[in-house]
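Listed below are the structures to be examined.
Both of the next two complexes hold subunit A, though its partner changes from subunit B to subunit C.
Coming up: the complex of A and B.
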């Protein structure tokens, strides 16, 4: 069989001859049929605090059973998990963990959610989808940490089983996006809008990479797009870059740059703006968008104080967007 | 000057030379750091040329060999969703 196939899961639309695998390395044309090579075979399995995703408005201080398989449909220059994301699945050490076993393990570890994370969960779509369905039957939430590079139809199908997603919005101009990640900006923006329309709780992360996406104009444009298309209640996490993978030549993001981004995004009207990878920064905390009072004080992944009661500010009663129980 | 004094003076001279060398090395290190930071502020268009979308992995000739490798790695390929066949 030498039938050629076209994968329609992500915007790359890889056209594959027999024996050829996609850009993601996890999907392959085998005898004229597209097959997932990684179904039920995660190479990373951990119990994480949900704050690590980062996910600050979903079940604070709860455990999230986190899985990933090898492969990725992005190739970010700064990838911090490149040892598994840029590898063939036969080159990683994999667990035999079918969907039912994932859910069983999550419950056994007293987790309240399953996170599809570390690499790009879109590339293990079938495994994630089947696991998520069983998770819902067992009152677990499904959380996806993703670059959002997916076609609209599979995304809409996925939204039926995913409760929350942290989407990387890596830049706000297409040329920087393409050169930094090999992905285009527009499909990612479409993903964010579609998720919001389909009632998935969305938080966004922007890694600030020196010389790539670190100007005041970048921060302003990013915040304005989020405010206008995703909504001002969408949390935005600015994350400090640390030299990694192919960008070892760059310094860590200066603290003043991260703080400037935080201030600009707040000034543009976003309700919840955070700073990540900078322990002790006031941007680690959640503040009430109405009275400005401290709602959740964090240190690392720990919560020192929580003043959200029944999803509302304890002081003024303002509703705080998120999934709190 | 007796022999002991000569040895002490020689040791002091060597120490002076080492100290001077160490100070010079520090100055050079700072200069090198500044130089590398100047490279960072290079205009963005230079960076644009550096990255291209990764090419697809090459076709692997012998499917039976591929299947053997996948099997040895404990992988169990399952039907994927969202694809279509193409007319050749």
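Coming up: the complex of A and C.
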């Protein structure tokens, strides 16, 4: 009997003999069946402000019950959570938290959403999917923070239960993408387009890594692709790099570079461009794309002022894209 | 200064506390602390196996 299996969840299509695990470390061929090793066993469980994801256009200042399991199908050189993402599930301390318990805990903690985050939720697809269904029955939103490296069929199934996603668009050229993350660019772009078509609220994050993806051309090409394929109303978060994991040799992103990226993306026509990891930067705030007035003033994860009423600018009535209630 | 000797009842209370405390701590550990992954796994979706594989 041929006990080989081929995982078709992500573009890697890992072919596994009996006893072998996928590249993500979370899925394994056991006697000819592909098994998830992490179902109901998150290694990280926290209540976070939704702004931390970052998710700026979804239920501001609400709590998001956030979970992750060990493993990841990406291997980014700068990963901030490599202690859990680049580990096998046996090497992390895991909670016993089946989907019903996740939802119960979220409600108990007065959260309005469940976030599948920290590592790569795609690799715990079954756990996320089952939890998300129960969450919807209990009026909770489902938020996914992902690198978007997934095949189209599982993604379409997921779109039925996911309300909002922050997708990392890590670079805009394939060779940089591959070298920096071991993933290809095109499947990620396809994910963003499919999510938008299926009415998932999408925000994008681009971590600016010095010498890798920090030229004006990079920022321009990134913003143009987003404008043309995802839509100008898609928020883009430029995030400042901090030396981490395998890129300890690089300096933090200079503040001028982050500000330049912010200005270029706005000039290319994106309505909502943000700056992350730089407290006090004007790019932390939301401005009306029509009259330019300050709508949401943020300090860290706190909101100091909110001038969005019923999803519209309080001053000129322009509709502000997002999920506000 | 009070030189009153420890009564038999107090002594039993203190001794009882010493005996019961580790038991409660153990129970607490079993029921509330995170555990290492056990061996119950869930079948994954989206895969092909055996004869359905080309090549």
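Observations on the model:
Here, the second predicted complex is superposed on the first by the 323 of 325 C-alpha atoms of A that agree within 3 Å, B and C clash if a C-alpha of one lies under 4 Å from a C-alpha of the other, contacts with A are read in each partner's own complex, and residues count from 1 in each chain.
As a working rule, a residue touches a chain if its C-beta (ideal position, glycine included) is under 8 Å from a C-beta of that chain, and two chains touch if they have at least 3 such contacts.
Values in this document were obtained by computation on a predicted structure and should not be read as measured data.
Of the two partner chains, neither subunit B nor subunit C is touched by A:280.
A count of residues in subunit A touched by subunit B and by subunit C gives the higher number to B. Within the superposed three-chain model, A:8 lies in touch with subunit B and with subunit C [touch as defined at top]. In the superposition on chain A, contact of A:212 is made with subunit B only, not with subunit C.
Of the two partner chains placed around the shared chain by superposition, subunit B and subunit C are both touched by A:32. Of the two partner chains, neither subunit B nor subunit C is touched by A:300. When the shared chain is aligned, subunit B comes close enough to touch A:18, but subunit C does not. Once the two complexes are overlaid on the shared chain, A:41 sits against subunit B and subunit C alike. Across the two superposed structures, the residue set of subunit A contacted by subunit B and also by subunit C is 2-9, 15, 27-28, 30, 32-41, 89-90, 94, 96, 125-126, 151, 153-154. Of all residues in subunit A, those touching subunit B in their complex are 2-9, 14-23, 25, 27-28, 30-41, 75, 77, 89-91, 94, 96, 125-126, 151, 153-154, 175-176, 178-180, 182, 210-212, 249-251.
The residues of subunit B lying in touch with subunit A in their complex are 36-37, 39-42, 44, 47-48, 50-54, 56-63, 66-67, 69-70, 72-86, 88. Residues of subunit A touching subunit C in their complex: 1-9, 15, 27-28, 30, 32-41, 43, 89-90, 92-96, 125-127, 151, 153-154. On the side of subunit C, the complex with subunit A involves touching residues 34-37, 41-51, 53.
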